[in-house]
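Note that the chains take the letters A, B, C, D and E in the order they are written out, and that residue 1 is the start of every chain.
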Amino acid sequence: MTFAPALTTLILFLAIGIWIAAILDAVFYRRISGQGGVSVLSPFYAAAAHLSRQRLTTEAPDRLNWYLAIAGYLAIATIGLAVVPFGPETAVIGIKTSVVLWGACESLVVVLVFLHGWSPNSPLALIGAYRYVAIGLPIMLLSMFVLIAAALPARSLDLRDIVASQEGLWNIIRQPLGLPLFLLLGLSLTLRGPFDYADSADLAGGTSVEDSGANRAGWQVARLAMLVGFSAIAASTFLGGYLGPILPGIVWLAIKTLILMAVVIGLSHLLARMPVARMLGLIWKFLLPIAFVDLLLAGLVALA
Amino acid sequence: MTTLITIFLVLGLSVLFTAGLRTASGTDLADHITNPQQRPVLGGSDPKMHAWQRFHVRYYTMTLVFVAFEMEMMFMYPWAVVFVEEGPKALAEMGMFLTILSVGILYGWREGIFRWE
Amino acid sequence: MTLTAILVVAAALFGIGLFGALSQKSFVMLMMGLELMLNGTLLAAVGFWAFTLEGAPKGQLLAILVMAVMAVELAIGFALVVAVYRKRQADVVESLGTLKQ
Amino acid sequence: MTDIAFYALSALAIWSGWRVFRVDSMIRATFALMVSFICVGGIALLMSADYIGIATVFMMAVEMMVMGLFMVMFMMNPAGLNPMQMVHQHRFSIGAGIAAFIGLTVAVLATNLPNNPLPAGRDTLHDLGVELLGGSMLIFETAGVTLLATMVGAVVLSSRPGRFGDSDAGAVPPGLQPGGQPAGRKVEKSGGHGGHGGDSSHDMNMKGAPKSDDAPHKRHGKMPEEES
Amino acid sequence: MAKLASQAPVPVFVAQGDDAPAETARLCLNSTLTIVETPRAAAILLVAGTIPASLIPNLHRLHDQLPHPRATVFWQAEPTDLLSEAVTVRNDDNLVSVLTDTRSSLLSGSHGTEADLLPDAPPNEWRGVGSHGQGGKGMMGGTPYGRPMAMTAADFRDGLELDAYTADFGPFLPMFPPGLVLTLTLQGDVIQKVSVVHLPFAGEGNAGAALLRLLGLPALAKRLLRGPSDDADFKRLIRLSGVRAAIPPGLGCAPNGSDVRERFERLTTDPGNPSKVHVDGVGLGDLLIGLEWHEAMLVLNSFDDESLRAICANTSSPELEEKNGDSMDHEGHAGHMS
């Protein structure tokens, strides 16, 4: 695949992914709360409704950072998706260190969510921003350990090699603790459910409490884009990405991405959120040792 | 090089998309935001002061430990690439490295840095 | 892109960092200056590694160590700031000088 | 193409580095520094130093986030709502900065530097891994010990509950002027450059001092040095 | 665009007044509406029940925070003087259709958007003052952009004197019991001082659903509001969600030993019949001070209305606080030094 078609595929994948993610989210929400069905066009209706309203700002906000936080979050999600191989040897960003690039994306997400909460100069948004940093930083450690454990058998930090190394056996079997830990990171990156410390209900919407109109639409789109990007990365790392019989690789990737998206959304509606101090302790005292064990086991398996 | 071009392209497209959203949302009063509209949300109350402040972060010691601990990633990435060919030696060396760093975390735990100070 | 150009850019970053480190009153801003100086150093290290060492791994290791120095500087620096602020409620450079009393 | 990218990234790196000391908002300053780091990472990417370049972005984004937290915590007026320069020895610093730049540049230009760029696509990461586990094993483990020392040091210095009681026991906030009110309490006194910090000389003697509210008035320390 | 937008659920922000219709809490079950968390996301401000005179300025401030185009609907309430043009609904049955119609006519432009109720003036005059015309003086002084900056205060937790943010919160915050207005002093996200400005309204409580929403389980909250919770499926979902692990043990402990966790169990298993918590002599200060924001919200929403009113009544009122304010400051300072 040459560059231009690859980029087009990427954008199409992302756009359709965002649309499906929005519908999935509504479906899960309604199923659990016991309400009726969802129209497949509902994401467009919601977007139009947002865009029909005025975009407000606050007193003396940091306008530039407000704008850059929303645009940047979307960009980071897209860059994350760009390192995912759509087929053998075809990733839009094909470099030897794509796992590190994804790590950089994760850390930039923390920065951008913080900026989004900082820029409106509003108390509730500010609390949300600071709280997110407390969880967003340490949760990255888990994902790094898990990704490194996935890189061991591939002998490479290239996501293309990691997918190729799963030809015989998917990483989810080689490294059973990996995917659950990685999904927690996904919840945190997409500001969802138990890890939604930025935009949560106890802050009336947290960092997005002041977002109206186009800003709100942009932020929601970016969150869903991040969900797509994350799910595609997770599908490539643990579920063999594009590998699969008969169907073309990209279809397999799409199916696996969809499954993981559904899992993340389901978890986000079904798991309770704990106060942030408790979560901080949980990550360092309980989840981090589990990540150590995961790495050790993966190392032993790779050597065996 | 392609990496950089792609990243720049994606950045540019995202900025354009966000700008597009802003232009697409046009109401008659879009550009005029009045003072009462700008008041930060406090459920109907009037804030007395700016929210921007010397914000009392409650987990600052954790972030310092985190920055030091995270440096280990820089060593772990190259280690992961050669792990299989170096074999048990690699496992032992990284095990030692991580054990050393874990002592720091255990010390921090003992001092209570993972609480809300 | 030549090594000379890279080193000139590194020198510029170093110069700005030095200006910041010397001129800023606040300790945290001083640390920004130091970080910027290390940024220049990092660029120079990578430049030398790429253009003269033919990719010898030692050069990369040097760059990693520069980053480790930044992390250590940041952690210890801010821990000091917290300790000083707790005692003095101030964060300016001069208040550090009186710590030894 | 590579040249254009290099010059663009260099210009952005230097400009954002300069902005760090020119913007009023601490958050903007911190993230301007982050942009500078990201640009250096991009330049490293151009030199085929893939790992170092991207890892720079990765590490620096995190470090600048932490730095931002502390900047906001400890700077007065963190958002720059009242624009204010907090500088001293300004001329000297500019001179020193320019002198350093010119000196280094002349040195660079005077030296006959080799110019054999690294071929793209070389697996430098693998070499680094072998080096880490082989020749430079000691450096690697020493780094571990250094980081441990850093972690312990940071915890000891910054966390409050220590083994010997709270670390701030016996401290009082300093006055704005010798014998003045504690800093940061009164609006009308906190203006101006030297409007913060100040008298801070005899704090360590305070453990035995009378525990009364007007303790700051009794102290006659040295004049604050930074009344510029 | 307007056509597409009118297909979406109507975004409504609910401002609950005294004796609001019992149906208010269950409005979110209607799929043609979305009950939003912030006025910034709403097109319609729904005022349910009577707003007491003392809170009418708050209602007006809230009204002005909605983005254009916006409209107000009064439900079983008299419109305030400034909002006399607004739509009023007395009959329960047609509320939803009125809301939908109002939104459609807002989008089509046949119902003009409501103008601001408050004068378009900054909270403090600032333009032209200060070296950059930003309204400030020196480092921290003045009122840059119309408001003063936060000033430092002692902190009882870790001894760092950083800025304390004081503001009134409520009465129309979705995570506060309706009607409650608190003056909170925060350092970071930890509550340092609390006083009650306005008591919460008496009424049928929905604390169980509120707690579920705060715990990040809005779908289950809806399910609880929907009706009989002896449904085994619901119980299983609650158990699986790990709520018990999520609420810290001993949080918000009342004198009779009931904590949030225990009250949550009762509220979700038997929402119709909350047994009273023994709250003699307990004020909000005892419960909230020192808690992080999320924990504080959990505690606040874990009481039935009657107990919460009793607790708020036990809390010192702002006038009292003002009198004691100075001496308390002294004490705090001396304590910090010793």
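Criterion: a residue touches a chain if its C-beta (ideal position, glycine included) is under 8 Å from a C-beta of that chain, and two chains touch if they have at least 3 such contacts.
A quick map from chain label to UniProt name: A = NADH dehydrogenase subunit H; B = NADH-quinone oxidoreductase subunit; C = NADH-quinone oxidoreductase subunit K; D = NADH-quinone oxidoreductase subunit J.
Just so it is clear, the structure is predicted and the values come from calculations on it, not from any experiment.
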item	value
Minimum number of chain-to-chain contact steps, chain A to chain C	2
Starting at chain C, fewest touch steps before arriving at chain E	1
Most distant chain from chain D, judged by the mean position of its C-alpha atoms	E
Inter-chain pair with the most contacting C-beta pairs	C-D
Centrality ranking, top chain (CA atoms only)	B
Centroid comparison with chain B (C-alpha atoms), farthest chain	E
Rounded Å distance between chain B and chain E, as computed from the means of their C-alpha atoms	29
Averaged-CA centre spacing for the pair chain E and chain D, given as whole angstrom	39
Centroid distance [mean C-alpha coordinates] between chain B and chain A, Å	14
Rounded Å distance, chain A centre to chain D centre (Cα mean)	31
Multi-partner residues of chain B (at least 2 other chains)	3, 24, 27, 29-30, 35, 37, 39, 41-43, 47, 50-58, 60-61, 63-71, 73-75, 77, 80-83, 105, 116-117
Per-residue overlap in chain D, given as positions that touch at least 2 other chains	2, 46, 51, 55, 58-59, 62-63, 66, 69-70, 73-76, 79, 81, 125, 128, 130, 132, 143, 147, 150-151, 154-155, 158, 160, 167-168, 171, 173, 182-184, 196
Touching two or more other chains - residue numbers and ranges from chain E	1, 38, 40, 65, 67-69, 122, 144-149, 152, 158-162, 165, 167, 173-174, 188-189, 292
Interchain contacts, given as pairs of chains that touch	A-B, A-D, A-E, B-C, B-D, B-E, C-D, C-E, D-E
In the complex with chain E, residue positions of chain D that touch it	73, 76-77, 81-84, 160, 166-173, 182-185, 187-188, 190-192, 195-196, 206, 211-213, 215
Chain C contact footprint on chain E (complex, rising order)	152, 159-161
Complex interface listing, chain A residues touching chain E	28-30, 32-36, 39, 41-42, 44-46, 48-49, 51-56, 59-60, 123, 127, 130-131, 193-194, 196, 200-205, 209-213, 216, 268-278
Chain C - residues contacting chain E, complex	82, 85-86, 89
Chain E - residues contacting chain D, complex	130-132, 134, 136-142, 144-145, 148-149, 151-152, 158-162, 330, 333-334, 336-338
